[in-house]
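Presented below is the structure to which this report refers.
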Amino acid sequence: MKLKTTLTAGAAALALMTGAAMAETIKVGIAAEPYPPFAAPDSAGNWSGWEVEIANAICEVQELDCAITPVAWDGIIPSLMGEQIDVIMASMSITEDRAKQIDFTDHYYKTPAVIVTAKGSGITPDDAGLNGKILGVQASTTHQAYAQKHFEGVAGEIRVYQTQDEANQDLYSGRIDAVQADSIAMADFVASGIGDCCEIVGAVADDVAVLGQGVGGGVRKGDDALRETINEGIAKILENGTYDEITKNYFSTTIYSK
Amino acid sequence: MGTARAAVASQLMIRAMLIPRRLIMLGLFAAFVVWCVVTMDWSWLPRYAPLALSGLWVTIWLLVVTIILGFTLAVPLGLAQAIGPWYLAAPARAFCTVIRGTPLLLQIWLLYYGLGSLFPQFPWIRESELWPYLRQAWPYAVLSLTLSYAGYEGEVMRGAFASVQKGQIEAARAFGMPPRKIFFRIWLPQAIRSALPTLGGETILQLKATPLVATITIVELYAVAGRVRQDTFIIYEPLLLLAAGYLVIAGVITLGFRWIEGRGPNMSR
Amino acid sequence: MEQTLELLSLSPPGWGANLLRGLVNSIQIALGAFGFGLIIGFFGAMGKLYGSPWVRDLLEVYTTVVRAVPELVLILILYYAGTDILNNIAGAFGRGPIQINGVAAGIWVLGIVQGAYATEILRGAIRAIPPGQTEAARAYGMPRDLMARRVTIPAMTAFAIPGLANLWLIATKDTALLAVVGFSELTLETRQAAQTTRAYFTFFLAAGFLYLMVTLFSGVIFGRIEKWARRGQPSHRSS
């Protein structure tokens, strides 16, 4: 008798849990690390930034109920596949390798990859400049793939960090000579307090196969409904000026290019 | 004498494995391994084998070096707490309490990023001899793992020193042995022998602590599995192989400690 | 110094409240994992002592694997495998994916790790009970569960407390590992605060202080519990 009541109570609880989960909230996965100006937490724990605002704008225009969900960057694709989140909007570049695992929406921004070094280091963003230097990149990024493909035997050492912030910190400390990362995030870093140490020395030679064709949202393979919804949303905010309005608050030029 | 006992022990172990129940379990396990090898995706192995081997080497040398250095530090820490005057015992106790009371991950990050954030404020550091080492990550890994091991073993050695029979020390003193000889001939060996089982367990715990240094860019075994996962998006296979690797290393450590324990006189107390 | 205090203050833009929130999460996860581990440990110890040889061997495999493989690796495997299994089950019932929040996942993962250690601790504690007590209970014809309630558990508690106190400390410190998987607890909040404000020393020292307080406080509490558990038993101090 007791066993039966416990079992039914447990089943009811489970049903309630799953029932609650069925409400149409789209979980938008962002990386759980500060990545200004795209996403950064404030001391109250709220996330804000260009990418967060774009995500909210897309959700608003498409009338979706979105919840910004920070997830560790190197587990973000498994989280998507495990349905912990429904879409990735974490400055993830569209690459062939990733496209084998997930589907991408249209791109919503595109910026080059740059090398950042200490001021006056004389390093140039090519083989000659990086010869023997210590280069830092973030794990699981196109920059890591690029560095390992092009600078593997050239650079003295390629150090892989869990977050971009740690790489920046080590550049500031002087532990590494150079960092390869996204130009916008690096522009923000160089303009910040400790970024005073460093300067952007230029963009690396493009390699579309590795660096990808811009940054897009990631959805599960076959989740065409959500993908189309978001594509529509991106097109709408580009058309009605919301995209430009948000961009104006953060950048002096547009970062969307066909 | 020790080897004979070890031979008998290993024979008993083999005989224990050969009973039908255990044979069935071994058979099931072998079948499971074969199923894994056949059905799961192992295409990444050839490409990443060299990296995996270098990761294994890093794990092993980190383990060995930090254990030796940590134990060397733990002995004075334990001794200070056992018989030292208050101005030595108190700092030793405080050190052990802080190390054992805070997570190792926090200690590692504090040393690496905390110290790192101080470097630009002292520009002369970049000119100094130490700079090439301060730039690398391994000195910080070795330092934090050593301090951590010393903190835990200091506590273990304190108990071990206290447990050696007073009578032996008194007898040695009565014989006119100088204090240093008493320590190295009588006290320390007996303390180590009584602490050996615990030390074996603590060594395995140190092995389990090594993956944490992957967070400060040291490419050891766990970092290699992470790299494979990030490059290929294959989740389970690298992790399973990684777990198997650690099991093997832990098994080797356990067997090693059992062999060491078998070598000394039997402390049936 | 003033800047440090400002950074740590409890209201924004100070990060003090974030750290405390992370601490609460950490303690929640640690409590849940410790409790879950104790339940696993109790059944595991019973299985190892009184179970059939099959059960005993399987439990031996469980405790050996969990105690030999690093927690980080176990956390990753259990997290991915756990969510996969749960989603498969939910899929079989035709439901959508079940959302597990961070605290629950942390409790699940750390609890399994704690369970292996708890099994060994409880097993050793039960074996340390003077056999005469259990023999006498059986001679009186006490049913099994009454014996467990009246004899085994109270007698075992005194022996188990030191090991369990240690296990609790391991639980609180292991919650820091969940930061590597991105669960929101004290160490992750500390790292985010440090990364955003660049005041690495300040925040890591503050977090270390918080953990130390938890440790010292737990030590006091467990000392009291041990004294209570040992009441009525002959002690080395002659009264």
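Per-chain residue numbering starts at 1, and chain names A, B and C are given in the order in which the chains are listed.
Criterion: a residue touches a chain if its C-beta (ideal position, glycine included) is under 8 Å from a C-beta of that chain, and two chains touch if they have at least 3 such contacts.
Predicted model, so just to flag it, every value in this text is computed and none were measured.
Engineer: Considering only which chains touch which, how would you classify the arrangement: line, ring, star, complete or other?
Structural biologist: If you draw each chain as a dot and join those that touch, every dot ends up joined to every other.
Engineer: Between A-B and B-C, which chain pair is linked by the larger number of C-beta contacts?
Structural biologist: B-C
Engineer: Please flag the chain sitting at the greatest distance from subunit B, going by CA centroids.
Structural biologist: A
Engineer: Starting from the mean Cα coordinates of subunit A and subunit B, work out the distance between those two points in Å.
Structural biologist: A distance of 37 Å separates the two centres.
Engineer: In whole angstrom, what separates the CA-based centres of subunit B and subunit C?
Structural biologist: 22
Engineer: Enumerate the residues of subunit C that touch no fewer than two other chains.
Structural biologist: 80, 180, 198, 200
Engineer: Pull out every residue in subunit A that's touching 2 or more other chains.
Structural biologist: Correct list: 78, 162, 166, 169, 194.
Engineer: Could you list the positions in subunit B whose residues touch two or more of the other chains?
Structural biologist: Residues 113, 116-117, 215, 235 of subunit B each touch two or more of the other chains.
Engineer: Looking at the complex, which residues from subunit C come into contact with subunit B?
Structural biologist: Within the complex, subunit C contacts subunit B at residues 53-54, 57, 65, 67-74, 76-77, 80-81, 169, 173-177, 179-180, 187, 190-191, 194, 198-201, 204-205, 207-208, 211-212, 215-216.
Engineer: Hey, which residues of subunit A end up touching subunit C in the complex?
Structural biologist: Touching subunit C from subunit A are residues 17-18, 21-22, 32-34, 40-45, 70-72, 75, 78, 82-84, 162-163, 165-166, 169, 193-194.
Engineer: In the complex, go through subunit B and note every residue touching subunit C.
Structural biologist: Of all residues in subunit B, those touching subunit C are 21-22, 25, 97-98, 100-107, 109-110, 113-114, 116-118, 204, 207-212, 215, 222, 225, 235-236, 239-240, 242-243, 246-247, 250-251.
Engineer: Across the complex, what residues on subunit B touch subunit A?
Structural biologist: Residue positions touching the partner: 113, 116-117, 119-120, 126, 134-137, 215, 217, 219, 223, 226-227, 229-231, 233, 235.
Engineer: Which residues, counting only subunit A, touch subunit B once they are in their complex?
Structural biologist: Listed in rising order, the residues of subunit A that touch subunit B are 74, 77-78, 97-98, 100-101, 134, 139-140, 144-145, 159-162, 166, 169-170, 172-176, 194, 197.
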